[in-house]
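The next part holds the structures, each set out as structure tokens.
In the two assemblies presented below, subunit A is common to both, partnered first by subunit B and then by subunit C.
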Partner chain A sequence: MLAFILKRLGLALLVAFTVSFISFSLLFLSGDPAAALAGETASGEDVEALRRLYGFDRPMLVQYGEWLFAALRGDFGESYYFKLPVASLIAERLQVTMTLGVCGILFALVTAVPLGVAAAIRPNSLIDRLALFLSVAGQAMPSFWFGLILIVVFAIQLGWLPPSGAESWRHFIMPTIVLGYYAMPAIMRLTRAGMLDVLNSDYIRTARAKGAGETRVLFKHGLRNAIIPVVSLAAVQMGFMLGGSIVVESVFALHGAGYLAWESIARNDLPTVQALILVFSMFYIVFTFLADVMNAWLDPRMRSA
Partner chain B sequence: MHVKLPVATLAAATLMASSAMPVVADKASGTLNVAFTKELENVDSYFNSAREGVVLQRAIWDGLIYRDPETNEYIGNLATSWEWIDDTTLEFKLREGVTFHNGEAFNADDVVFTVDFVAKEENGVKTQRNVNWMESAEKIDDYTVRIHLKDKFPAAIEFLSGPVSIYPNEYYAEVGPSGMGLKPVGTGPYKVSEVVPGQHFVLEANENYYDSPKGQPEIAKIDIRTIPDVNTQMAELFSGSLDLIWQVPADQANKLAEMGQFTVANESTMRVGYVQMDAAGRSGDNPFTNKLVRQAVNHAINRQELVDALLQGKSKVVYTPCFPSQFGCVQDVTEYEYDPEKAKALLAEAGYPDGFTVDFYAYRDRQYAEAITSYLNAVGIQTNFNMLQYSALRELNMKGEVPIAFQTWGSYSINDASAMVSQFFKHGSLDNAQDDQVLEWLNVADSSTDPDERIEYYTKALQRISEEAFWAPMFTYNTNYVFKDEVAYTPTPDEVLRFVDMSWK
Partner chain C sequence: MTDATDPLSAELQGPSPRQMLKSRAFSHKGLMFGVIVVGLLVLVALLAPLLAPHDPYAQSLMKRMVPPVFMGGTWEHPLGTDHLGRDYLSRLLYGARVSLLIGTVAALISGVIGTAMGVAAGYFGGKVDAVVTFLINVRLAMPVVLVALAVVAILGGSLTVVICVLGLLLWDRFAVVMRASTLQISRRDYVAAAQVIGASTPRILLTEIMPNVFNNLIVIVTLEMAHAILLEAALSFLGLGVQPPTPSWGLMVSEGKNMMLFEPWLVLIPGAVLFVLVLAINLMGDGLRDVTAPEGRS
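Coming up: the complex of A and B.
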């Protein structure tokens, strides 16, 4: 197990390094950071002055090396745009994104798994059709549109919820639903498919034959086996939610890390983008790792892998 | 079992219903709630280049001079009077008895500190052009100060009434630009009580505001939130938690106006849209080095139709590479009427009877840029349309690799032609004309202290630019302000939201 974890850790570092190098190069190629920094109203000479001031005129590899060396010592530098330490900037914005991500995935799991199970128990029943409808709608609806519809109904028409912002838990209800809904269809379809598969297998018939109760058959024998791929999927979805809640954050004016990343790319704010990409890739790595551990716990056969 | 499943959702819905949203924004609470679209990087006005930054700058700080946005007349603000000692020295008598929001008294030391700090290039002021004409400041006595210019710069008064605001010396020396951004201190009509960088700003009326030409603040509290999505801003307006939004696109503004609950005010901005062409051949041999082709482009585009169909509001057709209200922006130039047949004839005369194909660039307002290319296509100029990020296009442009592009320029609300025409026609890295004659005339116009002489030379330069068709100037921009009917406000043509001019009805 230790060797497994060490190997994983080594891979994670390699992935993080590669990602940071690629993102640095891409950002560097995509536009002049000095021009982005100087803003629209600056003259060509202003841009030149800033280029010298920040050292953008030096070779890219030198600048990357400088960033990497500082980052290894835990110093992510100062945001070009906000003139604030990147670490504290991201720490503040991550709170919103993490809250949203955790709520979103919980919402998705809590709604999608039972729906998936129910659909599998009665294939082609009304509940199955409803689940299918929900998943197709979830895939088809762009999240900005769904978000706006919720705002129109719950904030404007009914006046129950605040349209945007992050001041209280009530501000998070609509964003959670929008973000979670996006992850729902895949989880639901996978649960349904897994359950259908499992429920038709021999050991379920055996379990029923030996007189186990229906609940015990469904949850102890059925769901526990069917849920394994769902756990992996949920972990990936969680990583996606933390890095990809840009649209939801923008519609609900949440100012989380996703929106910060999006804006920082447009602003060529290298230190901020670099640190964010590192954080996001760490999320993916950590969640994939957690998924492996959980799968090993759920399925003893995987422990040896 | 499956029947019970939707219960969780229902429970959540009931929970939501139990607590209705209290409406916080209205006249009774005394708080005006405003939305910004863009995350402002730093409230310190020398360290941002955003329109939102200008808005806060005018509220929090004061300059030595004030320009009345209606009459364009210069009035003393922190200075009571000023005079030119020589071509590069301005002397100011300062107002006495003014204090900063933190209680620090305002005097000559603050002016000297601010000017000396911002004029030093290594201090990294973001908009260098706003400050790099100043050399230093010198204290004569507590309430007399001189500003020394690097060179002759007649637009000094305009800049001192705009982007140059005076900071408290002791405080700024202690906290620097990042501290100033988090806890701004000025002399202005509003003081800052809360800053969440990029997201939330709360201003409170400065009750001890001196007798400034800006007038006294009437609204007690201004609460500004950054809401990136215009649709969300509108939802907030409908639900009552916002009182004022601005920079609202024309189609949305028209719908809001029809609803009858809001005041929709349209006002011009100083931004000018134009087509730039590589007349100097920096991108290699290209058709735009030929004057006839550039004139053809000018004749090919129906500016009025663009204004009527797309920009609407108070936008106007322009033929000058500057905004008409700017000092020196004389309108007596060649006006190229819309005439596609003439454009085709000019192209044929230039040796392109079948037209040609060229890379066309743009960085904003895709719909305007595409409309322009369709006019060009109609006369035979085929375009490969490239939409780039602002910084990427800027970089290409500085390298001189752009044959033709749709560009815009906002002049930083500086009401002087030098803020636009001189930015682009003085052989800098963004000058695609590289015309020696224009350079010579602009040098005289930019540095003469005689207003008549300035006008004379701007006229010459602008007439030559339009005669040579170096650019195809298109139109001025406008913006829509939408606010609740209980808010009284008249926007000004410089796109600066002035909280001090707002009141409750």
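Coming up: the complex of A and C.
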């Protein structure tokens, strides 16, 4: 088990290191970050001054090394636009995004797992068809459009919920539904498939033959085994969702890290964008690492992988 | 004498695998719905110049936000006009071109990259496999929307840039699936036989491996096409995808957003069409998977 964890940890660190290099070098795609920063109207002298101020005149690898060592100490430089340390800016905005992410994944699990189990118990029943319909529709639904429809119906027409902002828990209801619905189809399909698999297995037949009650068979023997892959999928989806919250946050004007990313990209605020790409990647890497470890802990067969 | 019209031999032979595939395909409702809707939308996209009642770029300040015909408008503009007085139906028709073009080309680019990586990893194994698996992990760790937005912002939003960025980002599922299927196929006896008779590696890959992983490849191409179309719409909605005045459905939703309070159809119509297209492509992909690999159905 320890060997497995160390191996996975090493891989995770290597991935993190590679991602940090890519996210740093992406922003050199334009060729000259100083010119991009100064804008089209800037004179040659202005561009030159900016280049020296931010150290763009040095070799890229030197800049990367400096950035990485500062980042390891939690220092991501200063935002060009907000004139504040990027690290504290992101830390402050992450609260909203984390709240949204946790609510979203909980919403997805609470809707997807019961639906998936119910669909697996009675394949081809009405509830199975409903579950299939919800998951097919969810995979095709543009999340920004879904969000706007919710705003039109529940905020404008009915006036039940506030259309935007993050002041109270009521502001989080619609964003949670939109973000959660994005993660729901995959979780539901996996729950259904896992449950179907388990219910056809020998030990369920044995449990039934022993005379165990149906509830006990379904939940103690069945769901407990079917849920293992779902737990790790939920962790991976959580990583994806934090990265995907950028669309939801901009629809509902939730000032979280995703919204900050969008603002910073639009304003050419390089240090903030670089740091955000790295932070979102780290979340994904940490969540998948935890999912792997959890899987290996719950199912010893996975440890050899 | 095995004549197909001879009742006895026909009965002995039974339907050929090809015929069985065909009958499975025609009786699959989801697949048929998907194929018909996607076919219609492709036709609409190709014939947009003939079908569109107006020039999708022609503005008219006198006729801004005319409502659609079912909301009290006239047949002059069946789906009304937008905030610049441009005919909404015409923009919608030309928008199908943008979505389908981006979806197809991006899926092809990522398909070539992902298939090459996946097949190489599955066939050669060892170090090649380790490197490819590592690259897949790195790619999955990068937040797609964020990276795509940042790159489009730096390079400028044009159709070509959006297509290339999406094509270079969406190869992960191709690599994962192609690696797994190649791994399975390359253990078969006929691949060993080809190696024993001295067939060259490119020959084995092209004539033994590729035809056998092709079905899986087609399924992933379809699903990734839907993925690319949704991402393009999201990027354009956020203002960092296809740039105005190009008619993109995501951009139309974004332009209609400010008038949403009074004219909700400006947002509803392009979003609904986008939803139907992506739904149809997904149903087509899921259907293809069911039909080509019936043993894998749950």
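Just so it is clear, the second predicted complex is superposed on the first by the 267 of 305 C-alpha atoms of A that agree within 3 Å, B and C clash if a C-alpha of one lies under 4 Å from a C-alpha of the other, contacts with A are read in each partner's own complex, and residues count from 1 in each chain.
Note that in this section a contact is a pair of C-beta atoms (placed from the backbone, for glycine too) under 8 Å apart; a residue touches a chain by one contact, two chains touch by 3 or more.
What you are looking at is a predicted structure, and each value in this text was computed from that prediction instead of being measured.
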Worksheet item: Can A:V136 be said to touch subunit B (first), subunit C (second), both, or neither?
Response: second
Fill in: Contacts of A:A193 with subunit B and subunit C, given as first, second, both or neither
second
Discussion item. With both complexes superposed on chain A, which partner does A:Y81 reach: first (subunit B), second (subunit C), both or neither?
Written reply: first
Fill in: Which of subunit B and subunit C A:L298 touches, first, second, both or neither
neither
Worksheet item: Looking at the overlay, what does A:S281 touch: subunit B (first), subunit C (second), both, or neither?
Response: second
Practice prompt. Quick one: classify A:N268 as touching subunit B (first), subunit C (second), both or neither.
Written response: both
Discussion item. With both complexes superposed on chain A, which partner does A:L11 reach: first (subunit B), second (subunit C), both or neither?
Written reply: second
Worksheet entry | Partner chain(s) touched by A:S250 [first = subunit B, second = subunit C, both, neither] | both
Worksheet item: For A:L148, is the partner it touches subunit B (first), subunit C (second), both, or none of the two (neither)?
Response: both
Response to the item:
So the subunit A residues that subunit B and subunit C both touch are 30, 36, 144, 148, 151-152, 156, 250, 266, 268
Worksheet, complete the sentence: The subunit A residues in contact with subunit B across the complex are 30-33, 35-50, 53, 81-84, 89, 110-111, 114-115, 118, 121-122, 125, 127, 144, 148, 151-152, 154-156, 158-165, 170, 173, 250-253, 255, 259, 263, 266, 268
Fill in: Complex contacts: residues of subunit C adjacent to subunit A
134, 137-138, 140-147, 149-151, 153-155, 226, 230, 233-234, 237-240, 250, 253-254, 257, 260-261, 264, 267-268, 271, 274-276, 278-279, 282-283, 286, 298
Item to complete: Provide the residue numbers of subunit B that touch subunit A in the complex, in ascending order.
Response: 1-2, 5, 8-9, 12, 16-17, 19-21, 39, 41-42, 47-50, 121-122, 124, 126-129, 177-178, 181, 197-199, 225-229, 231-232, 235-236, 238-239, 241, 388-392, 394-395, 398, 410-412, 423, 428-430
Worksheet item: Okay, in this complex, where on subunit A does subunit C touch?
Response: 11, 14-16, 18-19, 22-23, 26-27, 29-30, 36, 136-137, 139-145, 148-149, 151-152, 156, 192-193, 196, 242-244, 246-247, 250, 261-262, 265-266, 268, 273, 276-277, 280-281, 284-285, 288
